[in-house]
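In this document, chain identifiers A, B, C and D correspond to the written order of the chains, with residue numbering beginning at 1 in each.
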Amino acid sequence: MPEHMPEHQQGPQPIPKARLEAFSDGVFAIIVTLLVLELRLPPLPQNPTEAQIADALIKVLPPLYAWVVSFFVTIVLWVNHHRFFALLRHSTDGLMWINAFFLLSLSFIPFPAAVVGEHLDSPLAVALFGGAIALGALMFQAMRLYATLTRGMMVGRQELKKRKFWFGLIFGPVLYTSAAALAYTNVLIAQILYVLITIYFIMPWFARPGAKTAEIEA
Amino acid sequence: MPEHMPEHQQGPQPIPKARLEAFSDGVFAIIVTLLVLELRLPPLPQNPTEAQIADALIKVLPPLYAWVVSFFVTIVLWVNHHRFFALLRHSTDGLMWINAFFLLSLSFIPFPAAVVGEHLDSPLAVALFGGAIALGALMFQAMRLYATLTRGMMVGRQELKKRKFWFGLIFGPVLYTSAAALAYTNVLIAQILYVLITIYFIMPWFARPGAKTAEIEA
Amino acid sequence: MPEHMPEHQQGPQPIPKARLEAFSDGVFAIIVTLLVLELRLPPLPQNPTEAQIADALIKVLPPLYAWVVSFFVTIVLWVNHHRFFALLRHSTDGLMWINAFFLLSLSFIPFPAAVVGEHLDSPLAVALFGGAIALGALMFQAMRLYATLTRGMMVGRQELKKRKFWFGLIFGPVLYTSAAALAYTNVLIAQILYVLITIYFIMPWFARPGAKTAEIEA
Amino acid sequence: MPEHMPEHQQGPQPIPKARLEAFSDGVFAIIVTLLVLELRLPPLPQNPTEAQIADALIKVLPPLYAWVVSFFVTIVLWVNHHRFFALLRHSTDGLMWINAFFLLSLSFIPFPAAVVGEHLDSPLAVALFGGAIALGALMFQAMRLYATLTRGMMVGRQELKKRKFWFGLIFGPVLYTSAAALAYTNVLIAQILYVLITIYFIMPWFARPGAKTAEIEA
């Protein structure tokens, strides 16, 4: 592939920032929409009664739980991804590849979501779900760390020595990992914690009603 | 995630309006295209006769009905979403999250569509389908209400006190909910009403043949 | 929905042409990519031999045929859709809705493609496949007729009285419908004709090597 | 379709380069996201034990391998596709169609990925997987060759006589084909080679930390 012909390309440019973001946005949009494919009625007899259909719908509640949690985790990561990119001055090849690893971990989430939807009372399934979310958050923070460590890559002063910076990096992954570990003590607590942690990350946005985008945007 | 480091972000901007709309458009496009995956031939014997294949195709009519209704409901919501965004001056975090709830309810529709496609004569399945559409319409109106109540967010005078405004807000959700409730009286009436209500929302556009977009657009 | 509040919207604008095209492009891209999901190995015994896997792969040839034909039909329609939009001065609500019907017929194609992939020797399945393609072509031509009949909508003089115009409108749909009808005489002939007709629509582009887009484009 | 009415179209323009790239990007994004749908737990008894679920998860490792390899192969092709398009001055109909064949071969990859995920110890399945990747790489190089042979299509001097150019063209396809052929000697070696070759194509980017996109980009 092209890498072998430097004289033809005369210094290939990295994927532009805007295109990297548009591609990632496509992946985000597909993931949030695909998740619903995991919602399926369990097999029913030929001419089911209303009670049997109602029963079958109740059995869809576990995948429904996994779907809603995955949906909002993906949206939280999308919002953070956008804010991170808004502070980037440019992209590099390295950033593109860390972003690829982030998208890989993100597009993995529908699988543990399907597993936990089928086996909601299994500590292993519940821990796998939380672990996958933690991995997605970790990949995102790795990308943020990479950009912060690269001189001149981000807008604004990067205060690497501040405790808050490092705390912010590990906060999300540690929270989800801890909740996942708790699945081996009590499956229900882990399930509730996934919801609470995700709400916790959504809350701050409602607290800033004044913030708005510039009026000039099309 | 980033919310924990205000000094790094110096006032994170909400997702820009244009990007929020592009993301939503992606979800709309994926939903209308995914819906066809619910159309599947029922299992057939090894070497089926033409009559058996014809029979199997006839059994696809219920999911076909659910597919066409869901398709046009999604398109109606897409058009309304676009018109609503065209009147927005800016986006805020709150709007982004109400939009996320709207997309959640929208991306849920393929599931009840699949259920009603399998159990077209079940009042529960038919009511669930109508209820899901009503929920999508309700979430959209909640977003519209939020934007109207937020000072300076929308272009044009917002006449909150006018009866027509409130009537418009609840009109779609109430129509679909009523049709859904009728499924317990007569399943067929509810099915026909879903079609008629959707046609009713499509009709006005054909009545304005003169309206056109500006010629400058690319 | 918004149609009920004229005073709030002060003349809602139709979906802009560029956005209608971007949305349609999304649907085209999703369809060509989803089609591969119909390629599935038939069920195999627990530890299959190489010969059994080879046999299973050979049984994938019918869906492979349906996949390749659907893929190129969709690409042909995409190219024509783009060329048609390039000649549009503006969009209207009517155009948006005819485009919606076109997208509906287009997103239906994966279903008959799956049916013909499973039942390649069934005249009914083969005719259904050709009929679905003909329907997609017909919807596209209906949109073109609508735009041509609307005064001032298209760039260039529209010569409605010319026989060539009307011939071009029905040419594609009639070709595919005829091939579909032939499935009841000989299934293989219809299958070959679908390929030949599609190649026929692709050929002209290779004959114009000089045509190129303007260099200014990004 | 439109090709039959030259007087109406007065020289139809080829699909613009930017739109061709956006369409291809959509296909790339959908493929990398769809791949996860091949990850599925094997059927389990009614109330599985933790050990049974763990066993089932271990059986997901082969599709996981196929998923990760396909994911990065697609990303490598995406990056190369972008770099190639960045050097294009314009697009032509011919380029559009070679790009369509490239997208066809690309969107085929999920199928052999699913086959190899189910039959990881089958030389046939493993060779098919490598062959499909080689085909994707070959189609990409065919597009590059076409553009290079077309006078004035690419930015920069094209040194067709240089051995390095021809070597670069066949390098990727030959590597993957050779690895695929080795599957008949030893399945594991082929599987490891797919990973190593893909890493080999990713590596150079990490070696150019200085390269970055222009700061002006939005």
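What we mean here is this: a residue touches a chain if its C-beta (ideal position, glycine included) is under 8 Å from a C-beta of that chain, and two chains touch if they have at least 3 such contacts.
These figures come from a predicted structure and were not determined experimentally.
Counting the residue numbers that touch the partner chain, chain A and chain B have less than half of them in common. Separating the CA-averaged centres of chain A and chain C is a span of 34 Å. Chain centres here are Cα means. That of chain B falls 24 Å from that of chain C. Among all residues of chain C, those that touch two or more other chains are 26, 30, 34, 37. Of all possible chain pairs, those that touch are A-B, A-D, B-C, C-D. Considering their complex, residues 1-5, 7-19, 22-23, 26-27, 30-31, 34, 37, 89-94, 96-97, 100, 103-104, 107-108, 110-111, 114-115, 118-119, 122-125, 128, 150, 153 of chain C touch chain B.
Those residues of chain C that touch chain D in the shared complex are 25-26, 28-30, 32-37, 39-41, 44, 48, 50, 53-54, 57, 60, 68, 71-72, 75-76, 78-80, 82-84, 86-87, 137, 140, 144, 156, 158-159, 162, 164-165, 167-168, 171-172, 201-202, 204-206, 208-209, 211-215, 217-218.
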